[in-house]
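What follows is a set of structures for review.
Here chain A shows up in two complexes: once beside chain B, once beside chain C.
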Partner chain A sequence: MKKYILGRVFRAIIAVFVVTSIAILMVYTMIPKDNVFRDDTGQMSKLNGNPDGMADFKNNKWEQLGYLDFQRQAEMCQSSSDYNACMLIEEEPYVDEYGQDMVEYHYSDVAQEVIDQYTADGYTVSYYTKGGFYAVREYSGLEIIANFYKNFIDIDHPWKVEDPDNPEMERSVYFATDYNGVPAIKCSGCEHNYLLYFDGSFPFIHQNFIGIDFGSSYPTYQNSSTLDVINQNQGSLVSEERTLPNGNTAKTAENYHTCVYKQTSALDSRDLNKFPDNYATCKTYYQDPSMVTISYMFGIISLILAYLIAIPAGVSMARNKGKIQDKIGTVYINIMISLPSLAFIYFMKLIGFNFGLPDKFPIFGFNDLRSYILPVIILALLSTSSVMIWMRRYMVDQSNADYVKFARAKGLSQREIFRKHILKNAIIPIVNGIPSSIILCISGSVITETVFAVPGMGKMLPDAINSFNNNMVITLTFIFTGLSIFSILIGDLLMTVVDPRIQLTAKGGND
Partner chain B sequence: MTADNRFEFVKMDETASEHIAAPRYSYWRSVFRKFFSSKVVILMLVIALAITLFSFIQPLFSKFDPTVAQDILDRSKRFLPPSLEYPFGTDHVGTNMFDAVWASCGNSLSIALIATAITTVLGVIVGAFWGFSKKLDKIMIEVYNVVANIPFTLVVMVLMYVIGRGKWQLIFALSCTSWLSTAYFIRVQVMIIRDREYNLASKCLGTKTSTIISHNIMPYLISIIVTSIARDIPNFISYEVFLSFIGVGLDYREPSLGRMVQDYVGYMQTPSAAHLFWIPVCLCALISISLYIVGQALADASDPRTHMI
Partner chain C sequence: MEEKKNIILSVKDLVVKFKVRDRVLTAIRNISLDFEEGKVVAIVGESGSGKSVFTKTFTGMLETNGEVTQGEIWFEGENLMTFKKDEEWMKIRGKKIATVFQDPMTSLNPVRTIGYQISEVIIKHQGKSKEEAKQEAIKLMERVGIYDAERRYDEYPFMYSGGMRQRIVIAIALACRPKILICDEPTTALDVTIQAQIIHLIKELSQEYGFTTIYITHDLGVVANVADVVAVMYAGQIIEYGTVEEVFYDPRHPYTWGLLSSLPQLGEKGHELFAIPGTPPSLFEEIKGDAFAPRSEYAMRIDFEEEPPIFKVSDTHYAKTWLLDPRAPKVEKPVTIQNLHEKMVAITAKGGIYGERE
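Let's turn to the complex of A and B:
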């Protein structure tokens, strides 16, 4: 059994990475890379009419996103024999045939050598219109995948920070109390100030030893990592009276547990006032729960509601097989399966609207119960049909079994047989699906969240796709694939716990 | 002259004595008798056929093109209520909704039908070999375990993102991985049916392999194939509507029910123009319910086990 589980876990991990790699390969090689700028209209219009700035910005961004290797003149000249001669640009003014004043740029022989060297290495060397040159080389598919996983697992250690302006920084990990007096593991020289800390928000213990880095989000949610976008709380800032790291108190929204290192050259006077050390880039407290939390909340509540409706309904259909309950139930199941969920959601929305419920989540927002009623009911009803159909099927199958006939012969009542004998056996296959339903609540529901404008995870994938947010698409692919593969594994294992007769290994349980 | 003269000797018929008396059985006749025995199913068949035919024939005459709005400047043609000239009314740019709805419905239907055809053909062929070959089984089962565990929505959305929007891209994205589940479905059934005792008995009695396949195996497989088709068509219609609605499916150049729902969702609560939104929604509901019920009934009818009287 242990061997089997290990084998499945191993194959599951391989599967997740294979799927993610295929997604990376497809996203990075098949989508024109200019598309990533389509939604960044602010930056694009700012750079319009400035071709050098545009080329610089685009190549820089592409390098950040992992498309290509971008070398500016200064970086290229590092490899030359004479740096100053390489950087030299001679300007020669002349007048072209239309009478316009033009400038021709000449580069030294050393520079020409460097350019030839880079061209030979597979780079494309281009020239700025205002003088100077740069080289770019697009990564091959394998390099893109390798680069993605190179930075994938991010282990924080005391020698991580490199700051030339702060050479005497102490490098150590130590136990300490945080600014509230709660014990924590702190670090000097790491990226994060707190490696382990406790606070009042779920899951109460937080660690920063190991992080997973999927890259940063662009063009939507700029300058934050993709995981932060789905994990971080949203809405407006919560400013409260808090203790600052230097011991003073002030009204602020910053969460000092999350502070990361800021280079000494970037520190300003406000940072110097507030922080005793260089850990001055902090995340902030927001009012509303994160996308994951919202989707999870909706998912779990609707899941409980769905099982509360579907299991009794399925049982009653099986008990009254062929009678009116069964017929009504069958019509309901057929309609729910065949009706496109979009149509169902809109029918329900119309009914709810006539009862005075809001048709969009943000109308009343997070703190009003009315915002939740309609999406939860819709999500619950959408998942009832499959539970009902299987519940009925398993119970009908079981009701012809020998142990049921024996129970009837003993004189047990029909009600007792159904509740105590058949239900327990029939619910086993249902149990198999429960972990995946619970875990997959995280991924949210795309349509319901889109229709009700709920700021959750489900809306994230279509939004990321429509704004060409490549890293977000890959992050979500990784998360959704991983969750579903592992939840199916957990479902299978749970089934063996509920029913010891079930063996996952083919040979029988000797190992 | 004896009484025996009134009788005459009949020549002995060798073949007749070999003939085993059994009721005449024709597979397809039994299928149709069973299928047409329900009035609800006949009604649904009529609805499904009417919608399908109309949505393929009407656009041939209307030549509807969503990129052309010839009445866009004619204010008198905007938001007309349903009338004889405009049975479904007009929208904010004076589009004749009757033409638009049927062109969209035809397009959505053809996407679902083509995707189902690809899925079924590929799935049945691969599934049949998969069921017979143990070597292939070892590889395919690993591939299936990986692919089946990835959410289908994710596959379709990422594929559409990568290969771009359009009718054929959508068909590719829909059928790219779904054929694998049909193949798996067929594989399991082939494995079950292949080793049944009656097939072994037929083989021992010297029946040709082609006869075993056509008489013993095919009737069972047909009902399974029909079940999978009955599940796929409404599913694919729902998917097209869903993807176009969230903006990942077809773009504005192609008419589709999903795009119509998305375009007119703003009028849902406007009493004078609500029909713009509800007509495509109801049509999409009607067509997928009728196709599903017809498919289910056909699947039941084509299962030879239901033919016993």
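Let's turn to the complex of A and C:
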């Protein structure tokens, strides 16, 4: 059993990486790379009419995103025999055929050598309109994947920070108490100040030893990593009276557990006031839960509600097969299946609106129960029909089984047979599906979240695809693939709990 | 069937009909039969003759499309046919009349432990506590021949072999201390050696616990081995009834002759095995005369016109055939089944179920 699970986990991890790699390959090679700037209209209009700046910006971004290797003249000349000669640009003004003043640029022989060398290495060398050159080499598919995973796992250690202005820095990991007096593992020389700490937010114990890096989000949610976009709380800042790292108290929204190293050259006077050391870049507390949390809250509450409605309803349909309960249930299932879910959502929204419930989530916001009622009920009802129909079906199937006949002959009442025997058999396939429904409820609520303007994760993937946010697409692909594969595993494990006949072994048969 | 005998269950003029796609099928046609306490009664007949349906009426377990349209079943001073609700049947079903079904592989709930399934019945019918029920269940398991019962109490049916499961099924049936145990082809799904063990076990237990056993089977070897009384059924009627000796050595109904002649043990090498020609009549139509007449080589004209009454052969032996009418021509039973006892002993001398008898 243990061996089997380990094997499954191993294969699951491989599968996740294979899928992610395919996603990377597709995103990076099949979508024109110019598309990533389409939604960054601000930057684009700023650089409009400045072709050199545009080229610089684009190539820089592409290099950052992992599309290509971008070498400026300065970097190229590092490899030449004479750096200064290589960097030299001679300007020769002339008047072109339309009478315009133009400048022609000439480069030294050393520079030409470097250019030839780069061209021979597969780079494309281009020239700026205002003088100077740069080289660009697009990565092959395999290189793109390799580069992606090279930075994927990010282990923090005391020799991580390189700060030329702070050569005397102590480099060690040590036990300490945080500014609130709670024990923690701290580090000097690491990227993060706190490697392990406790606080009041779920899951209460947090670590910074190992980080996973999917790259940063662009063009939407610029300058934060994709995981932070999904994970970090949102809304307005929460300023409270807090103890500063240097012992003073002040009203602030910063979370000092999350501080990372700031180069000495970048420290300003406020940082020096507040922080005793260089760990001065901190995340802040926001009022509202993160996208993942919101989607999960909706998903899980509605799922529980759905099962609470659907299982008893399905059981009652099966027990009263052909009678009025069964007929009403069948009508309900048929309506739910045939009605387009969008129509159902708007219909329910209208009904709810007449009862004074808000038709958009942000009207009352996170702290009002009324905001949740309609989306949760709608999400729950949407998934009841399939659970009901399967529950009824499994129950009816089981109630024709021989053991039911024998249980009747034993003298058990119909009630006892249903409760003690049939239900336990019929629930097995349902149980198998529960983890995947729980885990996948994030992705299942796209329409509802859109209609109610819920700031959840449901429409994150379509949004990311539409705005060509490559890293976000890959991150979400990774998360969703991982979740679905592991939820199937959990479903199988749960099956072994409810069905003694099922044993998970590597080779099948007895173990 | 004299007054003195202790009758435990008495069926009077029972008719059972089924509704099948708007048509009505008569499965049991006017059966009257008394079951004597402590005896082993075997009901034999080919598939579709109504054996199972007949015994299902004793516990109110007819399929939902079946209905008793006529007749009475008297048990412990009550007419079971007046029962309307399931709650009324609860007093009888399992508690007083228990049933063991054909296929032990599917008779047990696959996801409940063996122990749970036995003690559930003890708790329900004997009102014992969980702990007492467990003790009793373990005793029962040991009694039906499960080794290491204490450990196996918490195992699941899939961990048991077919024969052991049937032992458990029997243990469950016995857990209610029934007055009557109906064994609906209890050995059909088992292999021959296990068959013998199970039959032996049921026989032993019936003496120990003093219940009446009703066997439903088409295995005449089993009948010869265990039964005191045999009832032969054909097309929803009992056509011959008598002690096992009478039915085997002095059968009177042509159908019984056919059945006995079909015993594969009686076949001679090089000759084809005997089979009764034709098929049973359709139960959708009303049967005129003797239901077996179209297949019988002894049929007379009257057999096609009028249903034969039940003729008394001896105090314990009855048969429903015109051949017993004084006016009927004298016919001998087929040669194959003359001196049946000697033949059977000779054949089974080397072993087998029949050979175990006496």
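The rule is simple: the second predicted complex is superposed on the first by the 499 of 511 C-alpha atoms of A that agree within 3 Å, B and C clash if a C-alpha of one lies under 4 Å from a C-alpha of the other, contacts with A are read in each partner's own complex, and residues count from 1 in each chain.
Assume contacts are C-beta pairs under 8 Å (C-beta built on N, C-alpha and C of every residue); 3 or more make two chains touch, one makes a residue touch a chain.
None of these values were measured; they are calculated from a predicted model.
In this overlay on chain A, chain B fits alongside chain C without clashing. Counted by residues of chain A touched, the larger count belongs to B, out of chain B and chain C.
Residue contacts after overlaying the shared chain place A:411 against chain C, while chain B stays out of touching range.
Residue contacts after overlaying the shared chain place A:402 against chain C, while chain B stays out of touching range.
Of the two partner chains placed by superposition, only chain B is touched by A:488; chain C is not.
Applying the stated contact rule after C-alpha superposition, one finds that A:92 touches neither chain B nor chain C.
Seen from the Cα centre of chain A, chain B and chain C lie 50° apart once the structures are superposed, a value rounded to the nearest 10. In the superposition on chain A, no contact is made by A:268 with either chain B or chain C. Using the contact criterion defined above for the overlaid structures, shared-chain residue A:424 touches chain C, although it does not reach chain B. Between chain B and chain C in the chain A overlay, the least Cα distance found is 7 Å.
Once the two complexes are overlaid on chain A, none of the chain A residues touched by chain B in the first is touched by chain C in the second. Of all the residues in chain A, the ones that touch chain B in their complex are 11, 15, 18-19, 23, 26-27, 30-31, 334-335, 337-343, 346-347, 349-350, 353, 359, 440, 443, 446-447, 450, 461-462, 465-466, 473, 476-477, 480-481, 484-485, 488. Of all residues in chain C, those touching chain A in their complex are 59, 61, 86-87, 90, 93-95, 98-99, 101, 103, 106-113, 120-121, 124-125, 156, 158, 169, 172-173, 176. Every residue of chain B that touches chain A in the complex is listed here, in rising order: 142, 145-146, 149-151, 153-154, 157-163, 234, 237-238, 241-242, 245-248, 258, 261, 265, 268-269, 277, 281-282, 284-285, 288-289, 291-293, 296.
Contacts from chain A toward chain C in the complex involve residues 401-403, 405-414, 416, 420-421, 424-425, 428, 498-501.
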